[in-house]
Amino acid sequence: MTEAIQTDIGKYRITQEPFYLQTGNETGMFEAACAERLPVMLKGPTGCGKTRFVEYMAYRLGRPLITVACHEDLFASDLIGRYLLRNDETVWEDGPLTRAVRMGAICYLDEVVEARRDTTVVIHPLTDNRRTLSIDKKGEVIPAHRDFLLVISYNPGYQSVLKDLKQSTRQRFVAMTFDYPEADRETDIVAHEGDVDRETAGKLVALAGKIRNIREHGLTEGASTRLLIYAARLIRQNIPVHEACRSAICLPLTDDARLQETLGDLIDDIF
Amino acid sequence: MTEAIQTDIGKYRITQEPFYLQTGNETGMFEAACAERLPVMLKGPTGCGKTRFVEYMAYRLGRPLITVACHEDLFASDLIGRYLLRNDETVWEDGPLTRAVRMGAICYLDEVVEARRDTTVVIHPLTDNRRTLSIDKKGEVIPAHRDFLLVISYNPGYQSVLKDLKQSTRQRFVAMTFDYPEADRETDIVAHEGDVDRETAGKLVALAGKIRNIREHGLTEGASTRLLIYAARLIRQNIPVHEACRSAICLPLTDDARLQETLGDLIDDIF
Amino acid sequence: MTEAIQTDIGKYRITQEPFYLQTGNETGMFEAACAERLPVMLKGPTGCGKTRFVEYMAYRLGRPLITVACHEDLFASDLIGRYLLRNDETVWEDGPLTRAVRMGAICYLDEVVEARRDTTVVIHPLTDNRRTLSIDKKGEVIPAHRDFLLVISYNPGYQSVLKDLKQSTRQRFVAMTFDYPEADRETDIVAHEGDVDRETAGKLVALAGKIRNIREHGLTEGASTRLLIYAARLIRQNIPVHEACRSAICLPLTDDARLQETLGDLIDDIF
Amino acid sequence: MTEAIQTDIGKYRITQEPFYLQTGNETGMFEAACAERLPVMLKGPTGCGKTRFVEYMAYRLGRPLITVACHEDLFASDLIGRYLLRNDETVWEDGPLTRAVRMGAICYLDEVVEARRDTTVVIHPLTDNRRTLSIDKKGEVIPAHRDFLLVISYNPGYQSVLKDLKQSTRQRFVAMTFDYPEADRETDIVAHEGDVDRETAGKLVALAGKIRNIREHGLTEGASTRLLIYAARLIRQNIPVHEACRSAICLPLTDDARLQETLGDLIDDIF
Amino acid sequence: MTEAIQTDIGKYRITQEPFYLQTGNETGMFEAACAERLPVMLKGPTGCGKTRFVEYMAYRLGRPLITVACHEDLFASDLIGRYLLRNDETVWEDGPLTRAVRMGAICYLDEVVEARRDTTVVIHPLTDNRRTLSIDKKGEVIPAHRDFLLVISYNPGYQSVLKDLKQSTRQRFVAMTFDYPEADRETDIVAHEGDVDRETAGKLVALAGKIRNIREHGLTEGASTRLLIYAARLIRQNIPVHEACRSAICLPLTDDARLQETLGDLIDDIF
Amino acid sequence: MTEAIQTDIGKYRITQEPFYLQTGNETGMFEAACAERLPVMLKGPTGCGKTRFVEYMAYRLGRPLITVACHEDLFASDLIGRYLLRNDETVWEDGPLTRAVRMGAICYLDEVVEARRDTTVVIHPLTDNRRTLSIDKKGEVIPAHRDFLLVISYNPGYQSVLKDLKQSTRQRFVAMTFDYPEADRETDIVAHEGDVDRETAGKLVALAGKIRNIREHGLTEGASTRLLIYAARLIRQNIPVHEACRSAICLPLTDDARLQETLGDLIDDIF
C-alpha cells in the first residue's frame, strides 16, 4: 500500500464515537457479514438511522468509511475515477469507490437505486467471489483489499417500478431492516441530541408516534427522529412549543392544508 | 480564512437595510434556526416576499448572502464549482454554494425543486449533523463554516408529481410559511415602494384582495404585491388608473379573455 | 463605460425611423414603463407588429436595441456569454443580454417561452428591485446600466401547457396587448410598404378581414399584415391578383385543401 | 466582396441547363418573388421536381445555388458556421447559409421542418425587412447580399403535429405548390431521362397514374417520376418489363404483400 | 486518384469467391442497376443471404466493398468522417462512405433504418442525378466515382412506425426481395457450409420448413439458414442430433417454454 | 502477436480451477461450439452459475477470459476502444473486446441486452463467417484470432419488449440453458462454498426449493444458490439460523411484508 493511500485512510477514519443506541442484534449481524466479506444492504425509511449506524460500525470496527450519496446523474465514472487534464498532463484520479477498494474501507452507497444503471455493473464483480473492480478506461482489474466492505442503503417505501434494484443485484447482499427506534430509546436520543429534558423529549416522541399512525391518511412517510430533534432545539431557543413543532415537524412533512390542521390538533392534544 | 475569501465576503454583504415589514414571529423563528444551525425552508406563493425576507435577515444578522435561482438545467457542479482551463492551466473555481460554505454566508437556493436531482445529494451532508460539502472532483470534504446557513424556497402551489421535494430532503429543514401581507401592511408597502398616496395604494390592495378571492375561477395564482407596486408606479407616471391596472395587474396574470373582462369589472368597481 | 462598449452601442443604434403607425396609447405606456425601469411584455399574434414597435420605440427613445429570437435550444449561456479558446488563450465573450445590461440597451427577447428554462432564471434578478445579472461562470454580479430595459414578446394563441410562462416570471412584467391594426391604418401600411395604390391595398385588407373572421374554422391564425404586403408586391410585379393572393396569403396559411378552396372563394368575392 | 468568395461562387454556379419542363407560371412567380426579395416556400410530394425546379431557376437567373438537406440533427450552427481548431489556431468557418448570405446565392433548405427548431430562429431575421443574419458566436450581424434568396421546401403530406412549421415561420414566405406533371409532359420526361421510346414511357406514366389513384388504399404516397425513370432504365438494360416495374416502382413503394399483388395486377393490365 | 486510395482499394477487394447459389435473376437485376448507377435496396428476413449476396456481387463485379452495419447511435459523421486531433495537428479522416465514394466501391449500409435520421440526408444527394457527397464540415462537395454504388438492406418484418424509411428515401432505390432459398438449394448450402452429408442437411432443411410454417403461432421470424449450418456443424462434432438442433435452432429462436416444446416435437418427427 | 499482447494474456488467464459441478452435457456442447468457432449464448436466471461456468470452461480450455458486464450506458466504444490524449499525444487504447479479438480470448458479455444497441452492430461481423471486428475510428478491420470465442449471457425472465435481443442477433448464437442445480448437487455446492455440514446445507437447499415453488405468488425470481451460501456463512459465524436465513435469503428477495411472513413460515417449517 502506497504512502498516499495511508495518508488518505486518515481522512476517512471516524475518530469520535457516533452516538448510536442498538435496537436488536444489528451490530452482530453486521460484524458477521463483515467477517465473511458479504456485502450488506440496509433497508428502511428516511431518517431512521441507517447512515448513523454505518458510521457507528465503521468507528467500532476501526475501518475508514467512504460515503457516496447516489442520485440520478451519478455515473459509474463518478465512483471509479477519471482522467483529468492537469497542466497539460493527463492524470488519473481515483473515484471514491476505487479509493475504498484500495484502502480496505467501508464504502457506503446511500440510496443506491437513484444512481444510473452503469453503477450496478461496477459493483457486481465486487459483490461475488471475484471481489474485483474493473477500471475499463485503464484496462486494470483491482482486487479488493481484504478489509473492503460494500454497504448500500435502500428505502423500500420509495421505489417505483422504474427505480428498482434488479434481482441480479439484490441477490448479492445480506439485508438488514431498520425502523424508527422504540419510544423509550427515541426519547433518549431526542433528549440527548436536542438537549431538552426527558419530559419534553417524551412528548415529542409521543407526537411522532401519533403522526406515524396516521401515515395512511395521506402522509407518504412518518416524522423522522431528526425532526423531533429539530423541534427540541427550537424549544431550547425559547420558541413556543406549538410553533416549534409546527415549523420543525408538521410543515416539512406535507403541503396539504387539511393534513396540517390534523397535525396541529395532535400537537394540542399532547402539549 | 484566506484574504481572497475576506474580499469576497464584502461583495455579498448587504449594506442597505431592505424594506421589510414583519407579519408575525418570522424573524424570531429564523434567528432560532440560525442559532441552532438548522437549515430553513420558506414556503409560499410567488411574489409574497420570501426573497426580500432572506435579504432582510441577512442584513439584520450581518451575514453575507449568496442567492442561486434554481432551474431545470442547474447541475450540482453549477453549485459546487468546476475545473476551468485558463491559459493552459487547469484552475479550480468554487461555485456559489462552496463559496458560501467557506465564508459562512447564508446560501439561498430559490425554487430549489426546479434544480436537477444531483443537487439534492449535494445539500444532504450540509443539512445533517455532518455539515460538510463533498467536492468529489477534488476528493475534498469541506466542513461548513460555523456561520453557514442553508435556506431554500419552495412554492407548494406549483409542485407537480414529477417536481416534488423527496421526504428524505424535506425532513432536513425547519419550515416557515409565507403569504401575502395583511391589507394594512400591504398598503404601507405599496405606498412606500410605489411612491403613491395611501388612498391609491389602499385601492390597489383592495383590488388585489378581490382578485385573490377569485383565484379558484381560473387564475392559478393571485396578484403579487410586486404587481401592485408596478401599477402604482405607472399611475405616478400619469398613466390613467384603469389602463395602469390593466397593464400592470390584469394582463400579466392571465391570457384568458373572459377572465380579463371580469378583472376589468373589478377595476371599475373600485376606482 | 469602456471604449469597446461605446463602439458597440453604435452597432445597435437604430438610425432610420422605422415606419410605425400608432394604434392607441402604446407609446405612452412604453415610455412610462421605461421611465420607471419596469420590464415590458408584449402579447399578440404573429406578424401584428410587436417587433416593429420595439424598433420604433428604440429609435424614438434613442436607445440601442439588441434582439434575441428565442428557441428550444437557447441556453442561458447563449444570452450571458461564455469562455472561448482563442489561440491558446481563454477569452470571455459577453452574450447579447450581458452586452445590453452593460451598455444600457433595450434587450428584446422575442418569443421568450420558446427558450430553455434556465433563461428565466437569468432574467429574474434583472426584473425585480435587484436589477442585476449574475454571471456564475465568472463569479460576477453586474448591476444593470440605468437605461437597461428588458422587453419580451409572447404569443398567447400558441402556448401549450408545456410551454407557458410561469406565474413567478409573468408577474415581473408590465404587459401590453397587440392586435392587427384597424382596416384604415392597415390599408395605409400595405399601400406604403407594398407600394400599391390605396384601392388595391384596401381590397387586400378586406380579404384579410374575412380570413381573420373564419379563424375558428380551422385556421390557427389569421393572415398577418406582412402577407398582405407580400401580395401587394407580387401584384406590383404584374402577377395576376388571384395568383398573387393565393401564393402570398392563402398557401402560406394552411395545407388543408378544403380551406384553400374557401380562401379562393374569398379572393373571388373581393377582386 | 473578397476574392475567396468570388472563387466560392464558381463552385456553386450551375453551368449546364437542368432539364425542366414548365407546368404553369411557376417561373414567373419565382422571378417576381426574386425581384421583390421575398422568401419562397415550395410545397409538394416526394420526387415531383421541387429540387430540380430550384436548380433550373438558379441556372436561369444565373445565381449560385447552395442546397442544404435538413434533418433531425441539423443545428443552427450547421447552417451558420463554427469555430474550428486548426493547428492550434482557432479559425471561423462559415456554414452554407452564411456563405449564401455573403455571396448572394439562392439558399435552398430542403425539407426544412426536419431541422431542429433553432434553425427557424436563424432564418427569421433573413425573411423580414431586416434581411440580416446574426452570428451570435462572433457578435456579428451580416446584412444579406442584395441577390440573396431563401427557398425552403416542404411536403405537406408528411407533417405530423410535432413537425410542423409554426405560423410565425410560414407567414414569412410566398408559397408555390408542386404536383406530379401532367401525363404528356411526364411522358416526355421519362422518355428523355430514361432513354426509352415514347410508347414505353407512356405506359410507365399510365401505370403511375393508376398507382397514384389507389393512394387512399394504403399507399402513403404515389410513385414519383424518378421511379418511372428507374424502370425505363432497367428496361433499357434488357430487364423484362414486369420485373423492371416491380423492382423500380412497386417494391420501393410499400412492404405490404397484398398491395404488391394489386400493384402487380396493374402492371399486367398495362403491359 | 491518390496512391493512398489505391492502397485502400486492396483492403476492400474480395479475393475469394464467396459461396452463393443464385435463386432467380437477382444477379442480372443487380448488374443492370449497377450499369445504370441506380442505388439498390435489398429487402428480406434475417439470415436469408442479403449480406452474402452483396459480397458475391462485389467479387463478381471486381469492385471493392465497404460494409457499414447501422445502429441507433450511428451519426452521419460516422459515415462521412471527422476531424481528429493527432499530435497537436488537426487531421481529417474520411469515414467509410466517403472512402467508398472516392474509390468507386460498393457501399453497403446494412439495416439502414436503424441509423439516425441525419444519415438519410447524407445519402439523398448520392442517390439522385447529383451523385454527390457533401462534407459540410470541410465545405467540400465530392462527386461520386463513376463506379460507386450504394446498396442498403432492410428487413420489412421488423419495422415499426418510428423506424421506417421515409417515402422520400425509399423512392430513390431499385428494390429486390430476398427470402429463404428453396429446399433443394438450401440443402446444398447446409451440406456445403456445415460439412455434413446431404441426407442430414435435407432433414435440417425439412425441420426449418416446418418451423417457418408455424411462424404465426408466436415466432416473430423463422429459422435462418445460418442456424441450420450451426446445427450441422455441432452434429459433425458428435453432438447428438436432437441436442444439436435444440441448441442451434430452437433455443436461439424463442424464450417461450411452450413453443420450445412444439419445436422439440418437430425435431422428434423428423429425426 | 506483439509482446504487449503476450503479457496481456497472462492477466486474463485463470490459473486456479474454479469450483464447478457439471449438470448435463454443457461442457461437451461448449467444446463443440468452441471447436466450430460458433458464438455461444447462455440463457438462465440470476445466480444459477452462468458466469462460473464460463470461468470454468476458460480454465479447462486454457484460454484467457475477458468479461464485460453490460449496462444501459455501455457504448460500442467502451468495447472497442478509443483515442485518448496522453501528454499531448493521441494514443489509441484497445477496449476489452478488441483485446480479446487480438489475443484469441473468450470474450464474455454478461447481460448483453442491457447494452446500447450500437454494441450489437459491433458483434455481428464477429459472429458470422466474416469473424472480423471493424474499428471505424481507425479505419481498421481486424480478423479475429482463430481462438477467439464470443459468449453472451441473457436472462429470459427479465426481458421487456424494449430490451430484447433482435432476431438478427439471436440467430447468430448456439444457445444453452441454465437453471438451478438439482437438490443433491446444490447441497454439495452450499456445503463446499458455505463451509457448513451437509445437513445444514441440505436444509437450506430444501428452503430454496420451497421458495422457488412459490415464485408465481409474487416473487419475480427464486433464491439463487449464492444466497444459500450467504446464509450458510452467517450460520458459521454463529448467527441464529432463522435470523441468518431471513437476512441472507428472504429480505434480499422482496420488499413485500406479506411475502416476508410467508417466507418466515417456510424457515420455521424446515429448521
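A, B, C, D, E and F label the chains in the order they appear, each numbered from 1.
Going forward, a residue touches a chain if its C-beta (ideal position, glycine included) is under 8 Å from a C-beta of that chain, and two chains touch if they have at least 3 such contacts.
Just so we're on the same page, UniProt names per chain: A, B, C, D, E, F = CbbQ/NirQ/NorQ/GpvN family protein.
As the structure is a computational prediction, the values presented were derived from the model and not from experiment.
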| item | value |
| --- | --- |
| Touching both subunit C and subunit F (chains) | none |
| Classification of the subunit D:subunit E interface as same or different, half of numbers criterion | different |
| Whole-Å gap between the CA centroids of subunit A and subunit B | 30 |
| Subunit D and subunit F, separation of their C-alpha mean positions in angstrom | 52 |
| Interface hub residues of subunit D, defined as touching at least two other chains | 85, 88 |
| Pairwise touch network: line, ring, star, complete, or other | ring |
| Subunit D residues touching subunit E - in the complex, by the definition given at the top | 11, 46-47, 51, 67-74, 78, 84-88, 93-96, 99, 110-111, 114, 155, 158, 220-221, 223-224, 226-227, 230, 233-234, 236-239, 243, 247-248, 251-253, 255 |
| Interfacial residue positions of subunit D with respect to subunit C in the complex | 25, 28-29, 31-33, 35-36, 38, 41, 43, 75-76, 83, 85, 88-90, 116-118, 120-121, 124-125, 128-129, 136, 139, 141, 156, 159, 166-168, 170-177 |
